[in-house]
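There are two complexes below, and they share subunit A, which is joined by subunit B in the first and by subunit C in the second.
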Partner chain A sequence: MKGKAEIREFVQGLLTNYGDDEPLANGDSLLLSGRLQSIDAVEIIMFLEQTFGIDFAQIGFDKELIDSVDAIDATVQTTMNCKKE
Partner chain B sequence: MDKRTGNSRVARASDNQLATGHAENVLKVLSAYPGVLEAAVLFDTRDGFIAFVVPNDDYLDDVLGRKNSESMIINRWQKAVDLTQFVKGTAPYPVGLNTQGWNSAYTGQEIPRNEMREWLQVSADEILRLAPKVLYEIGCGTGMLLMQIAPSCDRYAGVDFSPATLAKLREQLQSVPSLAGKVEVIERRADDFGSLDCNSFDTVVMNSVIFYFPNLAYLSDVLEKAINVVKPGGHVYVGDVLSLHLLPVFASSIELFLGDDELSVAGLREQIRRRVKLQPWLFVSPAFFLSLPHRFSKVSRVEIRPRLGRASNEVTGYRFNAIIHVGHSDESALEVAFEDWTERELSLQDIRTMMRQRTEAFGIMRIRNRRLEKDVNAFERIWPADASLTTAEFKHQCAEYVMSGIHPQDLIELSKEESGFEIQLSWAACRPDGSYDAVFSPVRPSQFQSTRRILWPKPEPADLLCFANAPGQEKYRAQLIESILTHCRQNLPLDLVPRDVTLVDMLPRTSN
Partner chain C sequence: MAAQTKSHESMSSRLAEFRLIPRIETDPWTVSFAQTTLGKAAMLAAFGGGILVFIRDPLSWLAFVLGVTLITFLPARRRLILAVAPILLVVLQTFQKPLLLGLNLAVIAFGIFLYWCAIRWPKSLFGQRPVAFLLGGFSALILLACATAPYSLAYPILWDLVGLMASYLWFIAYAVSDRNSQPARDLTMELASFHPVWGSSNTPFPKGAAYLRRIEAQNPEQQAIVQLKGLKLLLWAILLAVFQVFWNQFFHGYLRIPLPDQALAMSVRGTPASWHLCWECQILAFFESILTLSIFGHRIIASCRMAGYNALRNTYRPLSATTLIEFFNRFYYYFKELLVDFYFYPAFFRYWKKHRRLRMAFATFAAAGFGNAFYHFTRDWQIIRDDGLWTAIRNYQTFLFYCIVLAAALSLSQMRRRGPMPVGFVRGHFLPALGVGIFYCLLNVFVTNERGYSLAEHLRYLASLFFIKF
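So, the complex of A and B:
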């Protein structure tokens, strides 16, 4: 099932690339804290495009939209709800 | 035959006669492996053989599948650049100065507008001095250089891989009707030159672009095509190249800025190593560009210049410009005697006095670079430091350092104050401490001194081994090393199997 667990797993994979095995809380800042680099934002965007069909050209980009697992999940939910409407 | 250097495979070993005999066998086996382009071995009485291998790019691309990753990396960067144009809530940028996406690696924030303005002016001035009339710009982005340079050209073709960025540029171009007839912008990858004819431009510009390239082979391919479309007497200008030799200092400087004050020095070292290893950008050595005249008969010489500018940021500090001169030149080289700056640690005033006293050209080498010396000092102190110190304690120690180097921009300004001499700066020696060389030559109206070839101090052989880092290629390179070792285990007695294989971009041509 696509959802928060999948997002969390993806983010955890990015952190592992950096040898970051610190605990990850869903609200932890990823990009603004420097825990992930800005190029990782692209990985997250591509993941969201491919997995959830989100088009940032339409909704606009802001690092805060993808700065934590919770924020990513909220972005996905908001966009999906807009699509349904 | 090595298609890049034109040299056949080179065999080397130590002076140990027994080892030399065995080394021939080891080299024979190594050279027979299809993933090996060139190889050399060293013998150490304790560790045995250590192999240095120049990988075969075709093997990496086709057999190990690197070519697929190349497209993936380019697509990722294209997406990253597109993304910068989708940022919400930004104020409109002035025409010709859309710096969206130019963020500091330290703060993640946009580089200040005044620093970007200086960067643009310095870049445009340097390119305009090449007197371009028919120019092809790879990676024109939002058109910052285009807006400065196109008015002086007869024709300006700008290409970029980011459709979102080009859309912004096209919007801006509508507000400058005078450029309409001579500027065209095309969505195209750097390695796609379409059907351009040989010698169809006098200048190709690639500024702040090549760090997006996936690997050195891709850069070589683009440069070969660029050189092909430039007519004799023209130039390929490669600007804002991230210097490979400064990558460790750059990584250390960022980690010291970002690092948690409570982190130990041991932890800090680990972060620096990780940042170097996982660096997503392509860092290139000046030595790579200096090798171009040996590879392409159309290239007469290459200049390597540190970036000018007063701003203190990663762009001025860690990047250089390579100016590739295309076409045969029979000009004689300006022979200059170089004084070693480190012997007397000359001050700016000392140099001013020298300019007033001398009548012939003179050079100064190894000038400590004031822009970087704090970063270099910290980097050099991290490794011998007490590993249990905290980052805050370490920073406190570093703060006591007293600078003695000379800012490159101070020398440029000195030459303006002291009329009669002009100055050229070079980073051709590839030193990992960022020190630079300078030549001061009397201005003689009959000679166009700034275009003369200078015999600059050369890199040390050890600095010629690697031409670039390998972003995102860890997997392929590890696979290649493992397959070479497996091949050696299958074809050599166990005690002759190299203990270690190091991948390099070139083997030194001297017996040592």
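So, the complex of A and C:
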């Protein structure tokens, strides 16, 4: 669960930089809804690479994988499980 | 005193909530009414009347409105209608030219074949880099057409093929890159997204089938809301179109301020317009590009929403952008998405992973520099055909320069560490937005319709804006 909290904190930080103080639910769309921009997707990607060692060149990238806090967490969990196997 | 403050607050909150076009999609009664037969008919009548402003050809108008009507009353058949409609339109438009019709259908079939190959063999060389193969193959086709003798039988066929491939290229690119999305296997949606009935430029509006699946209305209420939003956007496009007519009449008709192409031509001929006219023309051109693109994009996205897809606007409040990258995102969203999807991300994921700044700059140059240049060079394939490859490349120097400057500026804009926004309207919004506007105003000097003028002539014109002569 620590992972999810970290992810949420990071995403909340990106939103705050835009002056976006709207409430954030874990399932809320971030990129496909236009709430965050492509540049923020890059920030999320780099955060996931550095914090969880995820390599999107290996797993294939789709914006839906990082479109919400839940989606990001699911991507992290799936990648971690694959690594363990 | 407290009552006075309260009154001020209430006034500013009322002002903030004011909408020229009311938010009818949030009103429960209107949403319920839009789900009834009468409500649907009323919406379709309003939409059909509104879209007449943009679609003048009666046959195209009738075909389009008929399609939207079928989708509105048979939402379960939406995908099928949208998949069949573009093919029917192709047949209707080209049935008198069998060769063109055959080539057109062959290009669509080829796109679907490539999509199938990418899904079928994801681990193959093609399956891993389908877009690179597609763009490489298209470049080879252009080279082959250039190498063909002008009076041979193959010449017109090859150039027709180049033209058709150019118009379908990015639609096919989205289809073959759909292999990563879930669920990927939906041929109907892929067909619906190849030059969809609501219109597009060579840039797919709104992206490909994977994106359409995500934004599709899932029930009658969602469809009603999306259609109401579409209707509102169409009205906004009409208002902007009317405004544009008055704008042009006032500035270019009454005040006789030249267009950028005219000002540049005068500068090249050695009879430059006065400095203030050049500035006025550049500033107007900046606003006019926003206005033109807004009308164009709003019309398409409004139609897309009427078909039941809640797509984001192509142009959304570009003047509120406080950074160069934000303006690029707000000005022409779907073109920016194309560059990001097909150039930025592939470069970003593969190269310079341990060098954060270099990685970002390289990916930005791949997208806004190389990708941007490649897109426009191949889009204008008629110039390559008419002038020859080398002349076309030589005459492309000014736009290439534009791409390099844009890429460099966007790289810097992204690298600047983002912190909390400065407080206050002037420091936080007005001054940054003014800086962004001035940058794009000046950069627009290098975006002209005339390719015959050299880069030096464009630079001379730019310098003349600052009283520098060379």
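Just so we're on the same page, the second predicted complex is superposed on the first by the 83 of 85 C-alpha atoms of A that agree within 3 Å, B and C clash if a C-alpha of one lies under 4 Å from a C-alpha of the other, contacts with A are read in each partner's own complex, and residues count from 1 in each chain.
The rule we apply is simple: a residue touches a chain if its C-beta (ideal position, glycine included) is under 8 Å from a C-beta of that chain, and two chains touch if they have at least 3 such contacts.
For clarity, every value in this text was computed on a predicted model and none was experimentally measured.
S.K.: Determine, under the contact definition given at the top, whether A:Gly34 touches first (subunit B), second (subunit C), both, or neither.
M.R.: Once the two structures are laid over each other on A, A:Gly34 reaches both partners.
S.K.: Determine, under the contact definition given at the top, whether A:Glu9 touches first (subunit B), second (subunit C), both, or neither.
M.R.: neither
S.K.: After superposition on the shared chain, which partner residues are touched by A:Gly19: those of subunit B (first), subunit C (second), both, or neither?
M.R.: both
S.K.: What residues on subunit A does subunit C touch that subunit B touches too?
M.R.: 17-19, 32, 34, 37-39, 42, 45-46, 56-57, 60-62
S.K.: If you look only at subunit B, which of its residues touch subunit A in the complex?
M.R.: Of all residues in subunit B, those touching subunit A are 76-77, 79-80, 82-83, 86-89, 103, 108, 164, 258, 270, 274, 278, 280.
S.K.: Where on subunit C does subunit A make contact in their complex?
M.R.: That would be residues 179-182, 210-211, 214-215, 312, 316, 325-326, 329, 336-337, 340, 344-345, 348-350, 353, 356, 360, 414, 418-421 of subunit C.
S.K.: Please output the residues of subunit A touching subunit C within their complex, sorted ascending.
M.R.: That would be residues 16-19, 32-34, 37-39, 42, 45-46, 49, 55-57, 60-62, 64 of subunit A.
S.K.: Would you tell me which residues of subunit A are touching subunit B in their complex?
M.R.: Those in contact with subunit B are residues 17-19, 31-32, 34, 37-39, 41-43, 45-46, 56-57, 60-63.
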